[in-house]
Structure formats: structure tokens, C-alpha cells
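In the two assemblies presented below, chain A is common to both, partnered first by chain B and then by chain C.
For the complex of A and B:
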């Protein structure tokens, strides 16, 4: 099992997914485990009790956040941190997408924004690419645009910064972005014009 | 001159240092993973708490914000969200403070990328691609010279022309919004303060969408209910108050509704021995059928007078294209009205005001509706108090109706059971059932217009008339009338001669009694009417010595002198309805049949007697 999908409200899932057959398709991925209602509740309970043993092969955990308490979320956090497992928490009460890549990839997302037509392609893409994907694929059609704008912000601020240590930190961030973007060119202050053009082009396509 | 800068770790630290030393305060915005992992984390609470600290006690000349404050996902545009909070929260005291957004994107780019980008085109919001301290200083100089605050109301109007916040998420959230808003407003109006209410209050206070609604509808705190604004029943002086049961069914009962309805129900304390029964069960993750079954079992167990029923109790109910008939509340309503007792009053609690939903619910028997208070309805500060008083009135009306209608339905069912256990004609059985169904509707309507009680009475009386037409009750053969008592027949009237009749009962003032007499043609007419027939039946089927037993005289008189004359202001009372129902129940129950002394009845002549009589006649004629 590579993806653990914990949804204890299957009706809500059906409500949100764009097509009726989507839920069945999600279940059909051999690499994905989506326990049924009672089993799911048992797993949530074990997680909240800090007793659930996650499969060592796991790459992504997707969980309904409202069913997790502080202890449960900490239990998942420890596992994700130790194993670099990506975590998606969805809930109806989340009003703003929040993405965090500190130690491991984490996405806080509203249920309605999570259950969209991007979900199944994301799962497929993750499985086919050995999970070398970003969780932002679930959120945006053009997730690269986010990294490109981020890169531009960093490049512009590099110009303003005089402190070496701070400049170094910016360089590290840029390197990381470059490794994710995998463009034909390295994004840096010299290629800023190219980057600007690419961003403008992509914004127009949004 | 004092400015505020929001920044994150993607902004040059040097800029923050220079800002702190030259222009004002630089605030580093960050959200740690631990924070994000908290079950109670919300972005609005986070921003609200920051802004309370940074803004509440300080009026700035300018606020600088980058479009994006997320270190790893530029497109989150938290900067835009912060600006919305500043503009929509009067408590932060910086509503009109100029806001300068900085970043490499143009306002049009941002507007393409985020719905919140519209704020960039509102009054007092500026954008710049230049992010040096020198440029910021120049901006500040400009504002010092040119910025002027305008009338607060006009400013809000200008903001709202550009800004629109949509509720997060999905269709269900719209209902959640109205739900939480109602709880918040009604709890305030009722002065309820408990843990659940405080949670909602906190949410409403921080949530950007609610802030937007408050600005949009200029919402003020609701007027608290006072002794004057509350409708209080006159105390009932009788030693024992009548018990009334209100069952409350809502999947969000624990989120504050329980406290609200409990308090509203307390207002009935002077009038009734009120039993408020909240049905506290888990609804989430329970299949719809299971919810319906459990609720129905509870209705059967409690036998309430009134059920306050939330319309949507299951996830399925929030589907965008769900049919009204598939919604859990509708199914429960239908079940109560068709399977349990249509007299039980069902008041639908709903956030919907969609007329087609309400019409369908009304058709299925919904007795009333309580609309949750949507924010757009709250422009009037008295709205919540008025709504609560309306809830109280609706509950009160329902309790009055329930007492009588529930009892009527029980009696109606008893009547149907009684006729079904006897060998009446099929037509009669159908007729009675239809009559009773119409009577129920008429009685229901009578709570709006009393004249319907008269119609109901006439309808019930018709059942008596139809019953008397049954051959197994009263038989007319040639010139003879019989009362049928089981397998026995009692001759109560026969033609004696051309103009003469024999009767087994005699009308004395106000009643008939067992007296055999011969009567002239004049009395023949009255002897065929319902009054005579019923009197004969009371004597010969139930062995009463007088026909005014069971209040028959009164029952008959009310029909002729009151029920049929509502136009003259004669209105039938509930007690009179109850009396006629009791009368019907008695006469329909064959267990009440008693055989009278056969000698009280007339005797059919034997063949020998008939021959003798003919002989006599013949000889008399010959003479």
C-alpha cells in the first residue's frame, strides 16, 4: 500500500466528486487503500489513541482532518516526518488552502477543493511517477506557476539583500525550486527575463 | 508617521530591518507546521489574532503587504486575505488606512489568479513592483500629503463595490453559515452563554466571510429579549398543568440549538407542564435509513405533541440537485404523518427559504416552518427577537392544535377499527373513512377559521346518518321499521291502518321511551327522520330506557341549531366535537349492544293473526 486514504464520510465523498463512478475508480487503484466506513473509523480511533501502525511502504496519507484529534495528528506527523510521507488533510471547515513543505509535504485543503476533477489524475500521476510529484497538483491546474512566482519573489529579494547568510538561504530555496520545476534553464537572476515571460504566458492561460 | 509591513522569509530581511528603523513596524508572518496540524487551526483565526495585536491599538498611516505570504506556495495569496480582514473589521481601527501591495505581478495578474484580487481595485489600495525601503518612503510621503479619510458608510460602500467574499467550500457550507449565524444571533438575543455558543461566537468573530456579511448588511448586535419583548402566557390557575411534549431533532443539536430551544420552551412554564426532549444522537456517518428509523422510533417512544425537525440531517441532503422527497427531514415528516399520527405537529427547522421545498413539505403535512436566520435577513436589529417570538408563537399554536388533533386521530382510528370488525357494506366503510379524513382536514383548518368546526360537525353527523341507513342497523320493509340488534330484529313502527301507525316508542318532551301507542298520519313524517331512528336504536340496540342517553338530544340539536348556522354566529366548540365523536364511538361498538325486553317492541303478526284480521275486516265490510 502506497496511499492510505481515510474518508469516514463516504456520502460526502460522493457528494463532492464530480462523477458518480469516481469513488469506485479511486478504490480500484491497487496502490491505494481506502478502508470502508467501520474499518475507517477503527483506524481513526487507533490513530487518535496513538496506536496505529502505518505501513512502511506508505508514500501519501490522505485523511479527513475533523476525525483526528491533537494526539492523532501528532501521531501522523511523527510518522510522516520520520518517513518523508506526504500528508493531505481535508475538511469542510478549512477556508484557505495551506501548503507546507517543511520536513515533509503537507496540504491543508477544503473538502470541496480536494474532491475535484484533479484528484484522480493526481493519484494516477503519483503512482506512475513513483510519488515524485507535488501535492500542489491537486490544487492547481498549473502548479508550476506557483513555484515560478515564488522563484521570482526570491530573485527580486536577493537583489535587496546584503547579508551573506540570508542570500545563501535564498540561493538554497532557488535551488530547491529549480529541482522541482526542472526547466530547460536554471531560474536565477540572469534568466529573470525568460522567467517573467513564462509567468506572463502562464497567467494568461489560467 | 508610522507604517506597518508584513513580510515572510522570502522577503529580504534587510528590508524588514530598514523598515523597522525608518518607517514603523515590520511583522514577520509565518505559519508553522505544528500550527497547521492543530485540529482547531483556521487561517482566519490566525490572521485575526495577529491583527488584533498589531492594529487594534495603533492607527497606522500605511500598511505594506506582499501579495503572497506563504513561503512555499505563492498562489495562496494570504496577503490579500490580510487586507480583507483589515478592511472588514472595524475593531482593528484601520479600515481606511492605505494599503500598499508589493510584488512583481500586476494588479490584473493577481486578479486573474485570485478572486480576492478585486480588492486591489478598491479605494485606498495601491500596488507597486518596487520593493526597496526608498520606494516605501516615497509612498509614505505621498500618503501623508494626499490621503484623506471619507465618511465610514461611504467607504464601506466603495469597498463592497469591489470586494466579494464567498463562503468556503461547498453547498453544505451555505447551510452551515445560516445555521451558525442563527445560533449566534438567537443565543445573543436570548442571553445564552455556554461553551457551544462561545465557540460559535469566536468563529463568527474571526471568520472573514462573517466579517464580510456584517459589513455588507451593516449588522449590529441583536437586541436582547426583555421581559417586555417576551410573550408570556397568563398563568394557569388549575392545580395541575397539562403535560405537553416537544421533541427536538437536529443533527447540530449540541452546537447551540439545544440551549436555544430549551430556553424558548421555558417560556411555556406558566402554561403547561412542558417536557422538552432533545434527541441527542450521532447523525454523522450514519446511513440515511438508519437515521430515519432511529428518529421514528423516538417519535413512537415519546409520542410528542410537537416535533421540531431539522430538514437536512444527512450528507445526502446537501447534494446540490437532491430532490425534496429524498431529503431525510421530508422522509421523516412523511412517516410521522402517514404512519404514526398526523395530529402530531411537525415544525420544520430549515435554513432554506426555497418556496418549492416549502410547498412540497406543506403537501406532505408540515404544520409550520421555523426559518434559521440567514445573515442577509438580519439588517433589522430587532430581527432576532422577532424571530424568536415567532418561534414561540408557532410552538404555542402547534401545542394547541396537537392536543386536539392527536386525540381526534386516535378516535378516528378506533372508529375505523370498529367498523372494520363489523359486517357493514364496503361502501359504508369507505364512506366513513373518507368522511373522517375530510373531518380531520376541516378540524385542522378550524384553528385558522373557527367556522370549519361547524363543517366538521356536520361531517361527523353525516356518519351517524349513514350508519342509520345500514340494513344491519335499521331496516325499513314495506310499512315496517325494525331496529337490528345482532341477529335479532325489533319492530318499532308499523302501519296499522290507512292513516294510523303503531309505534313501540313514544315521544315525551325531550326524549323517546318504551311506550306502545297508535298514532295518526301526522306523526309519520317525523318518525322517518334521523332523530326518530337514532332514538329507536338507542332503546332497542343499547337498551337505554330513554333516548336522551349519551347526550343524543344535544348531539342532534347542535347539528340542527348550531352547526348548520355558523353564518348566524353559532360556532361549534371543541367540546361539542368531542361529544359527537364519543357518541359515534359508543354506537359503533357492538360490545355496547344490549337486548331489551322483547315485549317493548311491536310484534310481527303471525299467519294465524293475519288471517283473523282479514276475516274481521271482511265481516265488518259485509255488515
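For the complex of A and C:
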């Protein structure tokens, strides 16, 4: 098993996925394990009790966040951190996407944004590329371009912002984007020309 | 006639906006002044008696209604209902997974849950927030039907599910109940201009009811790295201090009244700043069974104030009392350090300030801890002065 997919509300999955047959297709990937309702609930309980033993071959865990309590989330975090396993948490209660790749790849996403036409291609792409695929493929059609444009916007905002606290927020965001884009240069106000060149290249590529 | 310092103190104590603890602080300072003052005479003695009477008159014994109990287990259990399959959950989750026939059927189910009333006995700010967001806070409206006061600590937000004047409910009757194909959901309600805060709230503009819900969610739960972001924000304002270990908070989610806890963190940091020589602050947490221990330690910092083992309350200054009041019924609060007792003996110990059975009183908006703390000796090594918050998950 390479992907553990914990969804304890199959009805929600059916409602959100764009096509009726999508859920069946997800189940059909041999590398993916999506336990049925009762088994799924048992696994969640074991995770929340800190007793679940994850498969050592796992590369990605996908879990309905509302079914995890503080302890369960900690149990999964520890496993992912120790084994560099990617983690996707989805829930109807999540109001903004959070992405982090510092200790391991982690994506926090709203159910409606998770269950889109990008999900199945992402799973396929991950399996075919030995799980080197970034989780950002679920969020953006072209995540690199999106992050480059965001970086440019932040640099512009920083020019105008005078509030120290807001500036700090922007600077932290820019630092994070740099760690995601991993260019040979640091994206900041001094390298905006280089960034623009990268954006142009990317647009021409698309 | 020129005013002397005692005239000034008298005026200060007559000021109605001064809180009880502030008044007590003024009296403490007054005592110091008197010690220095060589002209201590009968006249001055009379004036002091008058000032003390001012305090006594104001220091009314709180009536039963104003006594609160420390019950963090109940508060935590209640807040978790926002993620369980209850009507409360659907006040903060989009309705695409659950369908109510009409808005009234939802509101009826919501009003059937009376547990929130109990929070009144445990934490007034949280009670007022929940009451405003979900029920009917019965706040005064101006001539245009806009509440004069908004949410506790977020005065610019002046709307909830049922308040004011069933504004949202009336809209839902029109756009949710009646429409079949193009139904609009409560979260899609666009706030009337006069209900839209002029400035961003927590970094975002609030223009729809969904935005209101998003703000509420961050008031009752540390989620999506909110706690980490808030600590990081404080770090940026204390550039000469080193914040160690805050990254681990990035994925820590738990239910509590976040504003109460963050107010406590602010006071902790103010206390830490008083010892300017020790610049390292260690942030850590540990989960043991269903308890979360969250520690903030100023490394190598130890209290200079003596602890009187026969009168432990004397150790609690304004800062510690204020921290305890901010997290009343949210978590237990204690401090760990190497204390020096009245005989100059060193005691490695933990001073428990709020714990099961603690009572408090509320006068105006201020909470005062009524119970006496207790001290437990510890054999483990102590690295500095730790503020410990014990949450029940």
C-alpha cells in the first residue's frame, strides 16, 4: 500500500467528485487503500488513540481532518515526519489552503477544493512518478506559475506596506514561497526582473 | 491651592474606570510613598483611612450570579461539539453535506441545545461570544437596527445567526426555503453595508456571512496554524528575544477560546520582558493521554520575589492573576520554578493557580481568582520560569 485514503463519509465523496464513476476509479488503484465505512472509522479511532501502526511502504496519507482529534493529528504528524510521508488533510470546515514542505509535504484543504477533476490525475501522476509529485498539483493547474505570480504580488505589497506586523507576514510568506519554488536565486524586490523572466518562460511553456 | 501627590492619588482612586486590581496597585504604591514620607502625621492618617474606605466601598462581595467556577473539561467538551454531528457543527460548516428543509428547522434544532447556557458559569467572554454568534444576546440596537456593541473583543462584528432582528433568517426564508433549483445557502448572505467592518478582521475583509463564520471558527479553535502565526507575530515585536521551538506549533490544532489564551500569552510575554537579561524563551507542548501541556519557559530566569509557604496567594502579582483570569475555565494554569521561601530555602516546585475546584468572581468585566493556590515540590531539574497551561482535549 502506497496511499492510505481515509474518507469516512463516502456520500460526501460521491457528491463532490465531478463524475459518478470517479469514486470507483479511485478505489481501483492497486497502490491505494480506501477502507470502507466501518473499517475506516475503526482506523480513525486507533489513530486518535495513538495506537494505529501505519504501513512502512506508505508515501501519501489522505485523511478527513474533522475525524482526527488533536492526539490523532499528532500521531499522524509524527509518522509523516519520521518517514517523510506526504499528508493531505481535507474537511468542509477548512477555510483556507495551507501548504508546507519544511519537515514533510503537508496540505490542508477544503473538501470542495480537494474533490475536483484534478484529484484522479494527481493520484495517477504520483503513482507513475514514484511519488515525486508535489501535493500542490491538487490545488493548482500550474502551481509554479501561481506561486511566481503570488511572489510578485507580495513584493509589490511590501513596497507599499508600512505596518511592521503586516510586513513581517508578507516577508514570512515570501520566504515560504522561496522554499517551494527553489530557484537558483532568492525571489525578492532586487530579483524581480529574473522572476518576470521565469514567469514569461512558464507562460510560453504552457 | 497646589495639589500634592496625595491629592493626585485621591483623584485616581475616585476614578470610576479604574479596576479593582488597579486600585489595589495604587494603594500598594501609596504605602511605599508613606514609608518615604517624613511628614506622616494625623492629618495624613485620616486621609489614608478615607482612601481605604473608598476601596472597601467598591470592593463589594460579588453576589452569587457573579461567582464563576473553573471547569475547563466542560468548556472543551462543549467546543468539540462544533465538529461533531450536531446542529452546532452546521453553524460553522458549509451545508453541502447536510440538508435542512428550512432555515427554521435548523434554528429549532440549534435552540434545542441548551448546554451553552452553562458556559455562563465558567467563562463570561466565551459565553457572550457563543450567545452573540448563535443565539440572541439581546444587545441594544440603535435607531437603524444596528447593535451598539459587537462580539466580545471584536466589536466591529455585529451579527450572528439569529441576531439582530433575525436578519439572516429572513434572508434564508427568501433565498433558501423558497428557491428549489438555485437555492442560496446561509453562508452566501452578503452583509448589508452597515454590518461590514471598515477594516480587515484578522487580516481579511468581512463582507459575507461565510467571512463572519471564518472569524468565529478562529475564536473557538486553534486551527490551520493560527496559534503558530499568532506566536510568530508576537516574536516579530520582541526582536531582541529568542523564541525557541515555535515551529512545532504549526500543526497543533485544538479547541479553546483562543482570544482568552492569546491574552494570557500577551501577559506572559510582558512578564518575561521584565527580566531583560534572560532572552531565551522556550515554547513546547506535550500530549499525555487526553491532556495537552503547553509550556512557555523563560530559560535561566528565577523569581526574586519570596514565596510564603503559609500564604501562597501573596506570590500572585498582577501579571499572574491576570493570566489566570484570562484562561479561567479554558485550561489549568500553574508556574514551575525554583522558589525561595520566607526562610531563604530553595524549593523546586510547581505552584498551581487554577485547578479543579477553583472559584472566581466577576465584577464588571474583571475576573478575580478566589481560591488559594497550592505548591507541589518537584524533583526534576528546573530550567527557568515556566508558565504551564494544561488543556483537556
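As a convention for this text, the second predicted complex is superposed on the first by the 147 of 206 C-alpha atoms of A that agree within 3 Å, B and C clash if a C-alpha of one lies under 4 Å from a C-alpha of the other, contacts with A are read in each partner's own complex, and residues count from 1 in each chain.
Simple rule for what comes next: a residue touches a chain if its C-beta (ideal position, glycine included) is under 8 Å from a C-beta of that chain, and two chains touch if they have at least 3 such contacts.
Everything quoted here is computed from the prediction, not taken from an experiment.
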| Which of the two partners, first being chain B and second being chain C, lies in contact with A:21: first, second, both, or neither? | neither
TODO: Based on the superposed arrangement, let me know which partner A:74 touches: chain B (first), chain C (second), both, or neither?
DONE: both
Q: Have a look at where A:172 lands relative to chain B and chain C in the superposition and call it first, second, both or neither.
A: second
- Query: Once the shared chain is lined up, is A:51 touching chain B (first), chain C (second), both, or neither of them?
  - Reply: neither
Just to be sure I read the superposition right, which of the two partners does A:164 touch: chain B = first, chain C = second, or both, or neither? second
Winner on chain A touched-residue count between chain B and chain C: chain B
State whether A:113 touches chain B only (first), chain C only (second), both chains, or neither. first
Next item on the list: Figure out whether A:152 sits in contact with chain B (first) or chain C (second), or with both, or with neither.
Entry: first
Both partners, chain B and chain C, contact chain A at residues 9, 11-12, 15-16, 66, 69-70, 73-74, 77, 92-96, 98, 100, 102, 106, 108, 111-112, 169
Given the complex, residues on chain A that touch chain C span 9, 11-12, 15-16, 66, 69-71, 73-74, 77, 92-96, 98, 100, 102, 106, 108, 111-112, 164-165, 168-169, 172
Chain A residues touching chain B in their complex are 8-9, 11-12, 15-16, 37, 41, 65-66, 68-70, 73-74, 77, 89, 92-103, 106, 108, 110-113, 136, 139-140, 145-147, 149-150, 152-154, 156-158, 160-163, 166, 169-170, 173, 196, 199-200, 203-204, 206
Counting only contacts in the complex, chain C reaches chain A at residues 80, 83, 92-94, 96-97, 203, 210, 214, 217, 223-225, 229, 232-233, 236-237, 247, 250-254, 287, 290, 292, 393
Seen from chain B, its contact residues with chain A in the complex are 9-15, 31-33, 36-39, 41-44, 66, 68, 70, 72-76, 78, 81, 103-105, 109, 112-113, 131-132, 168-170, 172-173, 176, 207-209, 284-285, 314-316, 318-319
